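Next up: the structures, one after another.
Paired with chain B in one complex and with chain C in the other, chain A is shared by the two complexes that follow.
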Partner chain A sequence: MQRCQGCSHWHWPAVSRCSECGAWDPPWQDVPIEGAVFSWATTWHPFGGTEAIGVPYTTVLVALPHADNRRLLGLWEGEEGELSMGAAVVGSVGATMVGKTEVPSLRWRLAR
Partner chain B sequence: MRSTVISGLAELSAMKSSGDVTALGLYCQVAREAAADAGLERGEIDGLLIHTPFDGFSLYWPTVLADTLNLKLGFFDVVELGGASAAGMVWRAAAAIEAGLCNHVLCLTADVFTGLGGVRDLMPGQRQEYEMPYGASPPNGYYAMVARRHMHQYGTRPEQLAKIAVDQRTNAMATPGALFGSKPLTIDDVLNSPMVCDPLHLFEVVSPCSGGAGVVVSRRSAAKSAHAPISILGAGEAGSHLNIARRPDITHSWAQDSAAKAFAMAGLKAADMDVAQLYDCYTIAVLILLEDLGFCAKGQGGAFVAGHDLTWSGDFPCNTSGGQLSYGQPGGAGGMIPVVETVRQLMGRAGERQVLNASKGVAHGNGGVMADEVTLVLAN
Partner chain C sequence: MRGALYGTTAAAGVGLLQYKRGTAPHGERGLLIRAIVQACEDAGVDPAEVDGFCSYGFDHNQPDYLTAELGTKELHFSNMMWGAGGGGLLGAFEAAAMAIATGQAEIVAVYRSLAQGDSGRLANAVIAHHVNNHSASAGLVTPAIVCGLRAQRMILEHGFPWSAIEALVRADYYHGSRNPDAVAYGKPLDIETYRAGRKITGPLRLFDCSRENDGAGVVLMTSAERARDLRKAPVYLLGAAQGSQKGWGNLIENDLDYASAGFESVARRLWQKTGLGPEDIDVTQLYENFTPQAVATLVDHGMTSWESVGEDLVFENLIAPNGRMPLNTDGGNLACGFIHGINIVVEAVRQLRGESANPVPDAKTCLVTGGPGSRINTSAVFANEVP
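Our next item is the complex of A and B:
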C-alpha cells in the first residue's frame, strides 16, 4: 500500500501524488494482507470484462486495520456461506485475465 | 436562478433498438421536439448543453450537433457527471443565462445502446486496473455491496427494495413509451426473478436501451411556451470520488449535501415536495436517495417504502413515469427522466398519471456509484 511520506495518508487506488498534502510519489509499504469483511456481492450474470472469472463469483470489500481501515476489493476464494460482516480474512495475490491481459489481483479467504 | 425557467420538454419512447438511427439522429429529434415544445424557432436557440453519448463518443460533440442543426450558439458545452449530467445541465444553463451569455439553452441527452463493451472502454483507468480484476463489474457489483451493507446496518429487507420496483412498474403502465409498461409486477415476481448480483435481482436493475430526452431552460422574460413555465427554486451539486472503496460509509451519499444546498436555496424542505423523481439505476439507489434527500431518517428507507404508496395516485408519488427501472435506461439519457417527469407533472401534462395539485417537486440525478449528485427543486 502507498503511504504518504508527508501526511501519513494511506492511498488506494495508487496515486502519483498525495491528494491530501500534495507530496509526490508516496512510497509503498508492506502491509499484512489481512482485514475484516466490510461488504460483498455475488455476481450471477456475466458482464463484459470479467468473463475469465466465471460466474458465480463473489467480490469482497475488506477493511485493512494495518492501513487505517482503507478498503480493498478482492475475489473470494471460499464458499459464500462462510462470509459475514466483520469476519477476519487473509489474502494472497493471484492473477485475473482481463481481456487478453493478466492482471495481479487479491484473493481473500477466512482467517483460520 | 429566479430569472430563469424551464420552458419546454421532449422525451422519446424507450427503444430496445433504434434501428439505423444514430445517437446524433436521436439528438436532432430531441432538439427539434424540445424547441417546438418551448415555442422557439431555430434562430432563438443560443445555448446548448449535452451529455456525450456512449455510442459515437468523441470530441467536439456540442459543435457537431450545432453544425448538424445549424444553430448559432453563444454558450455550449458537455456536462459529464454520468447519471447526474442531465440535472447538472439545468442549473448550468440557468447560470449561463443569468450571466448574460444566452437566452434559451437546449439541455439534451440521447443515446443508442450497442452493448456494454463500448461503455467499459470509456471507464477511467483506475476502474480497469483496480476494480475489474476483482470481478467488480461496475456498477452492478458496487450497488450490490451498498445494498448488502445497508441490509446489515439497518435491517433493510429484500421485499422492501422489491416494492420500489413494483410501484414504479405500476407508474410505467400509465406512461406511453415505457419499455416495460405492459405487465404489472408483484414483490414475489421481483424476488423470484434471476439473481443478477446478489442481493439485487433482475427486476431491481435497469435495462439499457436507446432513447433521448431534454428540456429547454429560458430567460423568464423571453419564455414563449404555451405551457406554464417551471421555476428553478434551488439547485445543489456534490461529489468527490469515483471508487466506492474510498467512501467512509457506503450507505450515505453526497446527495445529502446536494439536497441540503438545493432545499436551502429554495427555502423549502423535502416534506414540501408533491412529487419526487429520484435516479433509480437500482432499487437500492432510490432507497438511499429517499434517506439522503431527507424524506426519512438514515436507515429508515425500508420502512418508508413499505409504509407508503409510491405510485402516481399514492401518498408519496415517486418516479411517476416508471423511472429507469421500468421506462428503460437510454444510456446517459436515463438521468433526464427525473428532470423531464418533474417538469411534466408540474406543468400538469402527465395525462393519466397526473399527480393532483402538484406544485413543487424534486428531481435528483446520481452519477457513478452514489458519487456525483445533483438535486433540483422545481415549482410551477
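Our next item is the complex of A and C:
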C-alpha cells in the first residue's frame, strides 16, 4: 500500500500527490494481507464480465488495520454465512479472468 | 442568505416520450427532437428560439446535432454536466439557471435521451466510469453490485428495518399503477411478489432495481419573468446544489461516509441556498437507482433519520394525496420508468402545476434528488411560487 513519506498518510487508490501534505509520489510499503470485514455482497445475477467467476459469488470489502483501514476488495472463499461485520480475515493473491485478461485478485477467508 | 439563483428561473415546458427498452420507434436524436418540440408546445415557444442546451450522464446528443432540425436561430450555450451517472441530473438544471440568470441564454432545454439501439445498455455506459481492474477482479462489475455492497453496510451500520424499503416500493407501484405514462400503469405490485423477486446482488432483489427505458425527457428553462408570460404557470427553481464532500469520490469503495448516499455537503448547501429545510418540502421526487440508496437520500437530506426510518417510511405516509411525506408521485424510477432520471424532474413540474396523475393537494415545494451514491450528487428544490 502507498504511504506518504512526508506525513505518513496511507493512500488507496494510488495517488501521485499526497492530498494531506502535498508530497509527490508516495512510496509503496508491504502490509500483511489481513483485515476486518467491512461489507460484502453475494451476486446471483450473471452480469457480463463475471463469466469466469460464475454465480453466485461473494465480493467482500476488507479494511486493513495495517494501512489505517484503507479498504480492498476481493472474492470470498468461504460460505456467505461466515461473514459478519468486523470478522478477522486473511487474504491471498490469486487471479481472475476479466474478459480475456487475467487480472491479479485478492481471495479472502476467515482468519483461523 | 439565499443563493443568487433563488427563484430567478423557472421550468416553462416539459416533454417526455418513454418506451420499453429496445423498442423506441426512433433513434435517440429523433426521440429528443420530438420531446423538445413537445416541451416547446407545452410552453408556447417556437423551438427555433431555444438557444441553450444542457445535459448530463454523457448524453450523446450534443446541441450541434439538434440545431438543424430545430431551426435554432442562434446557439448561445452548450453544457454537459460531469458525473458519469444520473448524479449529474440537477447539476444540469443549475447550469441552465446560471446561464439564464447571467444572460448567456434565454431558453435552455435540459434533457436526456436514451435508446438502446443507439447507445447500448445504459448500465454498460455507467460501468465504464465505475469499474477498474481491482474491482472487476472481485466481481464488482456494475453499479448494482456497488450499491448492493453499500446497502449491506447500511444494514450493518444503521440496522434500519427493511419495512422502509418495502414501503417505498409499494408507494412507487401504487403511484405508477395509477399513472397512464408509467411502465407499471394498471399493474400494482403486491408485497409477496416483491419478496419473491429473484436475488440480484447483496440485499437487492429484482424489484429493488430501477428499470432502463428508451425515451427522451426535456424540461425547458427560462427566466422567471419570461416564464410568467408563457402558456403554463411557471415552476420556479429555488435552488440546486452539486458535488461531494472530502473523502467521497473515485475511491474504489473507500468513501468515508460509506453507509450514506453521499449528499452531506449537497443537502446542506441546498437548504442554505433555498432558505428552506426538510419540513418545508411538500412532495419529493427521488432518483432511485436502487432502493436502499433512495432511503439513504432521504436521510442525507434530513427528511428522516436512520433511527426513525421505520416509523416515517410507512406506505400511508408516502402516497398522494394524504401522505405526510409523499414521494415519487409518477411511480419513480422503479414503477414509472428510467430515462436516466430525467423523468423525475418532469414529474416535479407536472406535480407543481397540478398535472400529476397522483396530485398532492396544494403542494408548493418539491425536492428532487439525483444520483444516490454517485461520486457527484445533485439536488434541487422547485416551487410553484417564490416564498
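As a convention for this text, the second predicted complex is superposed on the first by the 112 of 112 C-alpha atoms of A that agree within 3 Å, B and C clash if a C-alpha of one lies under 4 Å from a C-alpha of the other, contacts with A are read in each partner's own complex, and residues count from 1 in each chain.
Please note the rule applied: a contact is a pair of C-beta atoms (placed from the backbone, for glycine too) under 8 Å apart; a residue touches a chain by one contact, two chains touch by 3 or more.
The structure displayed is predicted, hence computed values, not measured ones.
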Exercise for the section: After lining both complexes up on chain A, report clash or fit for chain B versus chain C. Expected result: clash
Exercise for the section: Please work out whether A:10 is in contact with chain B alone, chain C alone, both, or neither, and reply first, second, both or neither. Expected result: neither
Exercise for the section: With the two complexes superposed on chain A, say which partner A:42 touches: chain B (first), chain C (second), both, or neither. Expected result: both
Practice task
Tell me which partner A:57 touches in the superposition: chain B (first), chain C (second), both or neither.
Solution key: both
Handout entry: Shared contact residues on chain A - chain B and chain C
Key = 12-13, 38-45, 47-50, 53, 57, 59, 61, 70-75, 85, 95-96, 98, 103-106
Practice task
In the complex, go through chain B and note every residue touching chain A.
Solution key: 115-117, 120, 126, 128-137, 140-142, 144-146, 148-149, 152, 194-199, 243-246, 250
Completion exercise
Within their complex, chain A touches chain C through residues 12-13, 38-45, 47-50, 53, 57, 59-61, 70-75, 85, 95-96, 98, 101, 103-106
Exercise for the section: Report the residues of chain C in contact with chain A in the complex, numbered from low to high. Expected result: 124, 131, 133-142, 144-145, 148-153, 156-157, 198-202, 250-254, 258
Fill in the blank from the handout: Seen from chain A, its contact residues with chain B in the complex are 12-14, 38-45, 47-50, 53, 57, 59, 61, 70-75, 80, 85, 95-96, 98, 103-106
